[in-house]
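There are structures below to look over.
The same chain A turns up in both complexes below, where it pairs with chain B and then with chain C.
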Partner chain A sequence: MIHPWLADTWQRLVGLGGRLPHALLFVGPEGLGKRDLADTLAARLLCSAPAVDGHACGHCVPCQLRLSGNHPDLLPIVPEADAAPESEGGEGGEGGEGGSGKKKSSQIRIEQIRDLQETLSVTGHQSSRRVIVVDPAEAMNAFTANALLKLLEEPPEGCIFLLVSSAPRRLLPTIRSRCQQWSFSRPADDVVAQWLLGPDAPPADLLALTGGMPLAAQRLAKSGSDALLRRFVKDIAALPAGDPLKLAGQWESWLKSKEALAAGFGMPQLVEWIQRWVTDLASLRLGGRVRFFPGEDGVIAALAQRTSVAAVTNCYNELARIRRVVQHPLNARLMLEDMLLRYARAVTGTRR
Partner chain B sequence: MLLLTTTRDALLAPLQSVAGIVEKRHTLPILSNVLIEKHGDQLTLLATDIEIQIRTTTGGHIGGEDTSITVAAKKLQDILRALPSEGEVVVTLDDKRLTVKAGRSRFALQTLPAADYPRMNLPDGDATRFSISQKSFKRQLAQVAYAMAQQDIRYYLNGLLLIADGKELRMVATDGHRLAFASSPLEAEVPRTEVILPRKTVMELARQLADSEDPLEVVLAGNQVVFRFGPIELVSKLIDGKFPDYERVIPQNHQKLLTFERTPLLATLSRVAILTNDKFRGVRLVLGDGTLKIASTNAEQEEAQEELEVDYHGDPLDIGFNVTYLLDVLTNTHEDQIEWRFNDGNSSALVTLPGNDRFKYVVMPMRI
Partner chain C sequence: MSYQVLARKWRPKSFATLVGQEHVVRALSHALATGRLHHAWLFTGTRGVGKTTISRILAKALNCETGVTPEPCNQCAACQAIDADRFPDYVEMDAASNRGVEDMAALLDKAVYAPVQGRYKVYMIDEVHMLTGHAFNAMLKTLEEPPEHVKFILATTDPQKIPVTVLSRCLQFNLKQMPPGHIVEHLSRILAAEAIPCETPALRHLAKAANGSMRDALSLLDQAIAHGSGKIEEEQVTHMLGTVGDDHLYAVLDALAAADVAALLAVADRMEARSLSFDAALQALASLLHRVALAQFAPAAIADEAERQRVSPYTELFDAEFLQLAYQIAIHGRDELPLAPDDYAGFTMTLLRLHAFRPDQPPALGSPAAAGGGGGVARSLPPAAPRPAAAPRPAPGNASAQPAQPAAAAPTAAVTPATSAVPASVPEPPARAPAAEPVQRPAPAAPSAAAEARPEPSNSVPPWEDLPPEAFAGQSAEPAALRSEPPGEAAPPPAAARPAPAAPASGGDGDGDAAADFAAGNWHGLIRRLGLGGLVREFAQHCEWLGFADGVIDLRLSNAHRHLLDMNPGVVERIQDQLASLYGAPLRLRTAVGAIEGETPAQRDEADRRARHAEAVAALESDPFVRELIERFDATLVEASVKPL
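On to the complex of A and B.
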C-alpha cells in the first residue's frame, strides 16, 4: 500500500522500470511508511503482471505465494525481535514454548547474512528475480554489514536489495555508497491534513507528538497511547510544585503497569517524550514555537517564564546523553529520578 | 471427505523418498509440509527445501476424491512408521484437518492450502535432454562427489560440474586442493551444456538412485535441472557461478609412472595415517628404485614408516601429500590396478586407471 505522501516517490520508482538500480536505500525518520514502500516495491518486482499504476496484481502465482508469506524469492532480513510474532504463530515444536527464554536479538545477526549468501548462490525459484528487504539496516553491526557488502558489491543476477533505515548515519559509509539513496522527509501539511480526514486517522495531538510522522502517530493511537500521553502531560506539568523523587516512584510503577505494557510503552518512549517536552520548552524560551505539544502551549509558556536559557538548554543536553543509554538495562528508578531531578532543577531554578 | 484407502507401506514408501529433504527449521513454515495431490487413481507427493523439489507419483489408488492439500511431513511420516504394517489406512480430509485412521488409532493433523505451496516452475523451452542408466550415473557421481568443497567461500566449488557435450557426459568436482574428473558415454548426441549441481542435490541423487539399468532422464534447462527416474522426479536449482577451467589443472606430460595394486596401498596408507599431524595430515612418499617408502610424523615426534615393493625404475622422488586426499580416491575407485603419474616434488600428481581415460584425479603435493 502506498501512502498519499509517498505517491510521487512511487511514481518515480515505477517510472524507472528496468533501470532500477540493484540496491536502494530508503532513508527518513521513523513512521513514514518506508518499509511499506519497500514491501510494495518488492511485490511489484516479483509480480508476473503488475497493474498499470505499478502495483502488484495480487492474483498471479507469485503474488499468491507472497500474500500467504511463502514466496521463496522474497527474502526479508529483519532482527529476530521484529520477526518473532509470526514464527511463534506457526506451531513447529520447540520454538513456540520458550516465551520466557532468551530475549530475542534486536540486531541482524551475521548468520542471517551468511544464510542469505547461501540462498543467493543458487538460482531463483520462480525466476532469477529475487528481492531482499533489510529493515532496519542500522540493526546490522559492522561484521554483519561487511558480510552484506560483499553481496552488494557483486550481486547475483536478478537480485535487488531494498534497505530501509531511519538512522542512515549509523550505517557503514561503504554500505551507503553502494546503494542509491532515496531520502524522505516530513510529509507536507496539506497532504497529511487530507489523510487525517480519512478513516482510522490518529488524533492531531499524537501527530504533533511524533513530529508529524503519520504512521508513527497511527501506531500510537492504535496502542491506546492517548491516555498515557494525558497522564504524562498532567504529571510533568505539575512537577515544579511537586516532588521529583515521588513522581519517579510513581512512574516506575506506571512503566510496569498493565496499560503501559499493553501499549508497548517503555522507558525509551518515556525518555523521548520528556526530551520532546523539554525541546518545546527550550524552543519557546529561545523565541521559537511549540512543536510537539501544541495543545499544552499555555502550560509550557508558563514554565518557560520561570526558566533561564542556560538551565533549559543544559537540561536538554543532559537528556540527550541519557537517551543514548536508554536501551541499556539500567535501574529504571534511578534513571527516572536522575531525569526528573535535572528537569526540576531547570524549571524551578533551585538546587535540590 | 475420503481421500484414499491404502496400506501403510503403500503410503510410507513414497513419503520417505520425498520427506528426506524436508528441513526441520526453515524461514517459510509451509516448507515443513508435504504436498499431497490426488488425481484419479494417481497419488502425488511433493516436498521441497527451496533448493530441491522431489515429487513421486504412484498409481492404483482407487476410490476417494480429487484434491490437493499440504500437511506436516515429519509428523505424517512418524505416524505411518509407528503404525502396524498390516491393516488398512484411511485418510480423510474434513474441515481443513487431515485425519489418518488405522485400526483403533486416529490422528487429526493440521493442514495448509496447496495453493500456498511454493512449487518450482518446470523449465520449458530450450533444454538439453539425455538419458542414461541409473547405475552408470550413480557410479560416476560416486567417482567424483567426495572431492566437492564443503561450505567454501568460493560457492561455485560447493557443487559438482556436469557437462553434457556431444556423446559424452563429464563430471568434475574440486575443493582447490584436489580435483576429480569422470566421464561416461551418452547414446545420443547433445549440444554442449554446463551446469553446477548444488552439493545437496548430488547427495540426494546418490541416495535415491538405484543400482539398476533402469533409465534416468536428465533435462538441463536454463536455471534448473530435472532428473526423472522410476516414480521420482527431482528438480534442482543450480549454482549460479563460473566453475574453474578444469582442463588446465589436469597435467598432461608427467613422465614418472607408478602402477600399483589398490588394496595393499590403501591398507598401508591407512596405517601410516594414524601418526599424521591432525591438522595437516601430511605423509611423505619417497620413491626409489623398486621401492616406495611411506612415512609420517606428528607433532609429538612420533613416527610411522612402511616400505612397499613397486614396479618403478625411474629417477628417485620425494613428495608429500595430504593422506586424506589419497585415501578418498583409493576408497572411491574399485579397480585393482591404479596408475600414478608424477613430475617432481612440487607439481601435482595424477591418478588414473590403466587403459582408461574416463577417470582422472589430480592432487596437489604439500611441503613436509
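On to the complex of A and C.
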C-alpha cells in the first residue's frame, strides 16, 4: 500500500514507466514506509496487468502467487533476524531453514548474495522480470556488499534491485554509485494530520516521540507502548527529586516485565527515549524547542531552567556515547544506573 | 521494459570514446601498438572512473580478430562476444563473491589450457581487494610467470588491501577522478545523442555532485531525466540533488550572525521539507566555514571570484576564534549524527550549539587584540591557560584601583574558546571563583600581578620601564620574600595554570588615600600604590618604615637583604621619585641598613601566607573525605603541596 505522504513519489515512480533503472535506493529515516513503497513497486513490476493508478491488479497469476507469499521471482534479501516474522506476514521470504536455537543474524550474509547470484543466473519463472528487495541495505556487511557489486552493476535482463536504507552513510560508496537514490524525509504536517483522522492512527504523543514518522508511531501504538511511554515520562519527570539508583532498579524489573516484553520494549528503546528526552531538554536550554515530548513541555522547561548549558550538553554527549554501546550485552542494571546518575547530575547540578 | 541505465548503455567501447584517463590510455595504446605487453595489469581508482571499462576494452584489443591493436574493431565476432560477455576466453571473475582459495585454484587450473577461440585467455578479476589472503597467495606463482597465452587484469577500488607481492607482479595504473569539465562534456554528448534537451548549468551541478565519478554522474543524470520527465532543467536538478544549495548554508551563517535562533531552526525545517541530507549539509557547512576562515587569512586562496565575493562579508561578521569553534562543532556534529535520535535532531542540535557556544567577548575587543598585538599584557597571559572566562569576574572592591582590569582580562576570554573548542569539553565555571578569594582575605600582603603589572590611570605614576617579563608570569600568591635570589633571575613558576588572583585591594590598604598612608606610616599600602616591579619592589618589600617627617622618609633595609642596595644603588632614587609623585610634593628617602625591629612588608606577607597555609591544611584535615582516605587507605597529607587559594 502507498501511504498518503508517499503518493507523489509513487506517481513519479509510475511515471517513469520504461525508464525505471535497474537499481533503486530508497533513503530516509525509519518509519516512513520505504519498505512498503518497495513492496508495492515490486508488486507492480511483477503484475501482468497493473491498474491505471499503477498498483498491482491483485487478480492475475503473478499477483496471486505474490499474495500467497510464493512468488518465485520476488526475492527479498533481508537479515535472518527479520526474515522469520516476514514469512509469517505472508510477504515472501525463503522460508525458515532449520529452526535451531541459534540466534538469528541481524546482518545479510554473503551466502544470501551467492544464492541470489545463482538464482538470477537462470531465467525467471514467470518472465524475465525479477525483483530483488534488499532491506535494510546497511545490514549488508562489507563482504556481502562487495559481493553484490558486480550483480548490481550489470544484472541480468529484467532484474530490478530495490534497496532500502535508513543509514545511507553506512553503505559502500560503490553501492551508492550504482543505484539511483530516492530520498525521503518527514512528511508534511498537513498530510499527517489528515492521516491521523483515519482508522488505527497512533496517538499524537507517540507520533511526536518518533519525530513525526507515522509508521514508527503506528508500530509503537500497536505494540501498546502508550502505557510504557506514560510511565517513562512520569518516572523521568520525577527523577530530579527521586533517587536515580532506586529508579534504575525499578526500570530494570520494568524491562523484564511482561508488558515490556510483549511490546518488544528493551534497553535500546529505553535509551532512545531518554536520549530524546535529553535532546528536548538540551534543545530548549540552548534556545530551541521541544520536539519529542510536546505534551511535557512544562516539565522540560522547568528542568531546563535548573540546568546549565554545559551540563545539559555534556549529558547529551554522554547519552550519545551510551547509545553507541546499547547493543552490547552489558549489565542492564549498571547501565541504567550509570545513565540515570549522569542524567540526575545534569539536571540537579550536583557534581561527584 | 528493457531500459538500460545510461551508465551501462554508454559504457565506452573503445579507447577513443573513453573520457579522461589519457595517461592510462596512452601507455596501453603504445604497449598494444608495439607489442610490449605485460602479462598483468592492475587498475585502481574510486568508483565509476573506468576500471571495468578499460579492462573490457583491453580484452577486446588483445583478442580482436584484426590483430592486437589499440583500436579494437568492435565488429568482429570476438569483440562482439566480449561486449556481450559470452567470449569463452574472457573470464570476468567477481572476486567479491568468489573470494576463497578454491575459487582461485579453479580459475588457475584452467589457465594452463590454450585459449579456445581467441588469441589470449584474459582473466579479469574485479573487486580484487576482497580476495582472501590465501587466494592472493595461491595466484602468486601463476601471476608471476603465467603461460604465454594468459593475461591478467585486476581491478579494485582499494589497492591498500592488496598484498605487496601481488602489487609488485602487476603493472599498476591509477585512474584519476574525472574533472567536472570532462563530465559536463560527456553528459552533454550523451544527452545530444539521446535527444534530450538540457540546460548546461544543470549539468554542471550534476558533475559537481558526482564528485569525480562518471558513473555517479550518469546515475544522477538518469535520475534527473526521470525527475524532469524527459528534460533537464537547472531548477529541477538542484531540487533533486538536494545540493544543499549553498543558499541554506549562507542562511545559517546569517542567522548565526544575527543570533536568531528561530531563523536557524527555520533553515533546518526548510531543508527537511526538501529532503536534503543533513549529513551532507554539515559537511558542506564545515567546508563553508573553512572557506570563510581561509578568506580571513588569505583571500587569494579562494580562486573562484564569485565565491570570494559571496564569502567576504562573513569574514567581517565572525572572528577567527568563532570560525574555528564552529568548524569543530560542525565536524563533531557530523560524526555523531548517526548517534542522534534522528538526523533532524542531530542537525538542529549542532546549529544550536553553534549559536550557544559563541566565544563571549566584549565587543570592544576584536580578534586582533586576542591574537596578541604584542602588548606586554597579552604576552604575559599564557594563551594555553585553561582558565575560565574572566568576563564574569566581579571586581567590586577594587574597581576604582583597577580600571584596566576588565580589558586586560578579556584576551583570556577570547583565547580560551580556541583552545578548548570541542563542545564536549566545554569548561564549566569552576567552583572556586578566583575573584571571591581576595576580597575575603583580610590583608594580603604581596601586591598581586594584576595590581602591579597593569598601568593604572588613577594614579599618575608613569609607566615604568624596568619591568622584567618575569614579573608578569612569575607573580603568584607566593610572596616575593621567599626568594632569596634577586627576583630578576627568579625562574618563572608555573603560574600559567594557577589563576592569578584579582588585585586584592582589600582592607584598609587600598581604600584610604595616599596622604593617609603617609601619615599612618602604612608602608605596605604605599608599596601597593606605587605598583613597583622587579628589583625596586623587592627592595621596598624588605624595608621597614621608620618614620616620615618634614618630607623625609626613613626606611631601614634588613641586614639580610643589603645586597639589594649594593647591586642597584639607583633604586632608592627611583622609589623616592615615585613616592614624590604619589605624595604630590618633593620627598627625600633615607635608607639605613640594620636589624629589623618591627616588620617589613615581606615578613608580613610571609606570615600571612603561613597563616593561610595552616588554615588550608586544617581545613583539609578536617574534611570528612580526606579523613576517610587517611583512615581507610593510610594516606598522608603532604602539607607542602597544599596551596591556599
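The criterion applied here is as follows: the second predicted complex is superposed on the first by the 336 of 352 C-alpha atoms of A that agree within 3 Å, B and C clash if a C-alpha of one lies under 4 Å from a C-alpha of the other, contacts with A are read in each partner's own complex, and residues count from 1 in each chain.
Criterion: a contact is a pair of C-beta atoms (placed from the backbone, for glycine too) under 8 Å apart; a residue touches a chain by one contact, two chains touch by 3 or more.
Note that the structure is a prediction, hence the values are computed from the model and not measured.
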Partner chain(s) touched by A:72 [first = chain B, second = chain C, both, neither]: first
Touched partner set for A:157, first chain B, second chain C, both or neither: both
Touching partner for A:117 - first (chain B), second (chain C), both, neither: both
A:106 touches, of chain B and chain C: first, second, both or neither? neither
First, second, both or neither for A:292, with chain B first and chain C second: second
Overlapping contact positions on chain A, where the chain C interface meets the chain B interface: 117, 157
Residues of chain A that touch chain C when the two form their complex: 12, 15-23, 28-29, 110, 113-114, 117, 129, 143, 146-151, 153-154, 157-158, 167-170, 173-174, 177-186, 188, 211, 272, 275-276, 279, 282-283, 286-289, 291-292, 308-311, 313-314, 316-317, 320-321, 323-324, 351
Contact footprint of chain B on chain A as seen in their complex: 64-65, 68-72, 87, 90-92, 117-119, 121-126, 128, 156-157
Interface residues, chain B side, partner chain A - complex: 25, 28-32, 50-51, 110, 113, 115-118, 120-121, 155-156, 158, 198, 223-224, 237-241
Complex interface listing, chain C residues touching chain A: 1-5, 8, 46-48, 52, 94, 96-97, 99, 126-127, 129-130, 157, 213, 215-216, 219, 222-223, 225-227, 229, 242, 261, 265, 272-277, 279, 336-345, 348-349, 352-353, 355-357, 423-424, 426-429, 431
